Amino acid sequence: MIRIRGLQKSFGTLPVLRGVDLDIADGEVVALIGRSGCGKTTLLRCINFLEEYDGGEIRLDGEPLWYRAAADGRRHRVSEAEARRMRQTMGIVFQQYNLFPHMTALENVVLGPRFSQHVPAAEADALGRRLLTRVGLEAKISAYPAQLSGGQQQRVAIARALAMRPKILLFDEITSALDPELVGEVEDVIRALLSDRIMMVLVTHALGFAREIAHRIAYLSEGSIVELGTPAEILERPKDPTLKEFLRRMR
Amino acid sequence: MPPGSFGLLVQGAAVSLALAAAAIAGGTLFAIALTPLAFSRFAVVRALYGLYVYVVRGTPLLVLALLVFYALPALDLRTGPYIAGTLVLVLYVGALFAEVFRGGVLSIPRPQWESARSLGLPPLAKFRKVIAPLVTRYTLPPYVNVCVMTVKASSVLSIISVWELTLAAREIIERTLAVFTILGVAAALYFVMCFGVDRIGRWLERRLMLRGFVGERA
Amino acid sequence: MSFARWVAIYGPTYLTGLGWTAVTAFGAAVGAIVWGCVLLLLRLAGPRWPARAVDAYVQLFRNTPVLLPIYIVYFGFPLVGLPWPAVICGGLALVLQNGAYVSEILRGGLKAIDRVQFDAARSLGLTPWNTFRKILLPQVLVYSIPALGSQVVLLLKDTSLLSAITVTELTMQAKLLTEQTGAAYEAFIVVALLYLLLVSTTEVMFRAAHRAVRWR
């Protein structure tokens, strides 16, 4: 499970996260929603330390991530090697340009296992093929990203994230840049992942999809979680006025 | 540093600059005459343009210079090395400028041509008010690059006995063996000249853009 | 004598010059690309002194003619106890000069890679070395091939300047033949044609290479 306490981050003088608290239980799916600039993407990127944060802590299964308290009481960044090790427990899929264009789908998927986790080539290969079949792209194993549609690229990106056997999956608006008719195939893949009971955090604007698969939805505004609850609570019985306004705009 | 050599080097630099200036002026005029050939209706004319550019760009400047250097006396033209050198540079740099202009014309976005045509302007006004400003706008950066290249190319003329900065430096070195100092100063002088040309170019760019020109940056 | 006869008689002697030109150009090109990669790596070390040093280096070599490094190495190295052969001196100067341009070309290729790829590489836990080796370098090289081709052509033409330091490449060969036979036109026209041949061959090779490794 993930425990986030008091997460703070500023870009220069601009505060973006003002003390975020969030718990994610094993197998739980949490959706992060909110207006642009509310900090949801920054929060996601702090979880796997693509962004450094100024205060607060993140724990995975009890182990503090990214910073350690030193003897002098201050916190120190973990070493790059440690950070890399920690990142391997997480998978992330971005909005676009996920895949390395000079590698085939299979090569993209096996890259992490082979070079970060030192899985032997044959085993990584078999794993990659299994995962690509699982996301419905068995026929595209040797295709290059330029030969794939946006939806197919995102599915390969999901397979690539899964190949690391992560404890948590992070999705940063992964269907926002897709043509509408391609969104469904990506959402199908995520639905199928629910049975794996991996923790998932989705930053999304697709409220219908969030309602369907999220156990809880967190609404962020100006750098903190203003309201947190089940999809029914957040989407049908919102309490916060800014949340009501946000939902009204999104309809 | 050997006495008097700094003065010699500065004189050499002045000569280099003069050669470059003459070549740039001559080359630009030559290119203005040359570029339209690239857009001629006649395939033969276009081919001749292509051949000229191909030969000038595919042959080292030194070889072109030696060809002209040996060819002129054969044609009974007793010109000094300076004239021969400038001529070579004009022929060389002219081809480069012509390609810059050609590229600039080609990179003007279609809608801008079409707007010009829709205005129904007479040819001369169209050229002055629309084509020339547009072409200038899109060709200024590569044009400035070629100008800097011209300053550097002038050093090649030293090999055909044109006295300028590089030859001045080489002569001093062969006399005094103060290799690093002399060549260091020569490098600094070239740097100042090239960097100066580049800066002037950027200043011009900024001025043109500030004239309320609403073109996109190509 | 007629042009054709002259070529028939003296043609083969050009082979020495041609050989030297080709070998020097090839060696210097490889050296310049390697050196350019090194400079790029140094520059990627961020806003610390290596990056600044590389910037200064590039600016210096962009704003000075290539004859100067050639003279500095050829005349200067013997003075500091390195009396290397002229062709090595010339080759080194060409590598130093062209390496600067290569690093700029590679930098442009680098900009063509989307930032998200580096985020993805970090998220996969790739070490910086692996990220460089498997993600950055392959893409940079492919994006840079056309511009690198142009630069190699320029380098090829610059080998003619080595005739000024007594290297017996093509241009020197032409000068020697002119002195021997007095046939200036023939000598230099043949040399010009040979250069055109070398340049065109190089361009064709690079275009083919680009087509071969492109993935779109």
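All chains are identified by letter, namely A, B and C, in their written order; residue positions are counted from 1 within each chain.
The rule is simple: contacts are C-beta pairs under 8 Å (C-beta built on N, C-alpha and C of every residue); 3 or more make two chains touch, one makes a residue touch a chain.
Here the structure is a predicted model, which means the values were calculated and not measured.
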### Query
Does the chain-touch network form a line, ring, star, complete graph or other?
line
### Query
Taking contacts as defined above, which has more of them, A-C or B-C?
B-C
### Query
Looking at C-alpha means, what's the farthest chain from chain A?
B
### Task
Mind having a look at which chain is the central one, using mean CA positions?
C
### Query
If you average the CA atoms of chain A and of chain B, how many Å lie between those two points?
55
### Task
Round to the nearest whole Å and give the separation of the Cα centres of chain A and chain C.
46
### Task
Measure off the straight-line distance from the CA centroid of chain B to the CA centroid of chain C, and report it in whole Å.
22
### Query
Taking the complex as given, what residues does chain A use to touch chain C?
48, 50, 80, 84-85, 87-88, 90-92, 94, 96-102, 111-112, 115-117, 144, 146, 160, 164
#### Entry: In the complex, chain C residues that touch chain A
114, 116-117, 119-120, 122-128, 130, 134-135, 138-139, 142, 215-216
### Task
In the complex, go through chain C and note every residue touching chain B.
59-60, 62-68, 71-72, 75-76, 79, 153, 157-161, 163-164, 171, 174-175, 178, 184-185, 188-189, 191-192, 195-196, 199-200
### Task
Name, in rising order, each residue of chain B that touches chain C in their complex.
54-55, 57-64, 66-67, 70-71, 74, 148, 151-156, 158-159, 166, 169-170, 173, 177, 179-180, 183, 186-187, 190-191, 194-195, 198
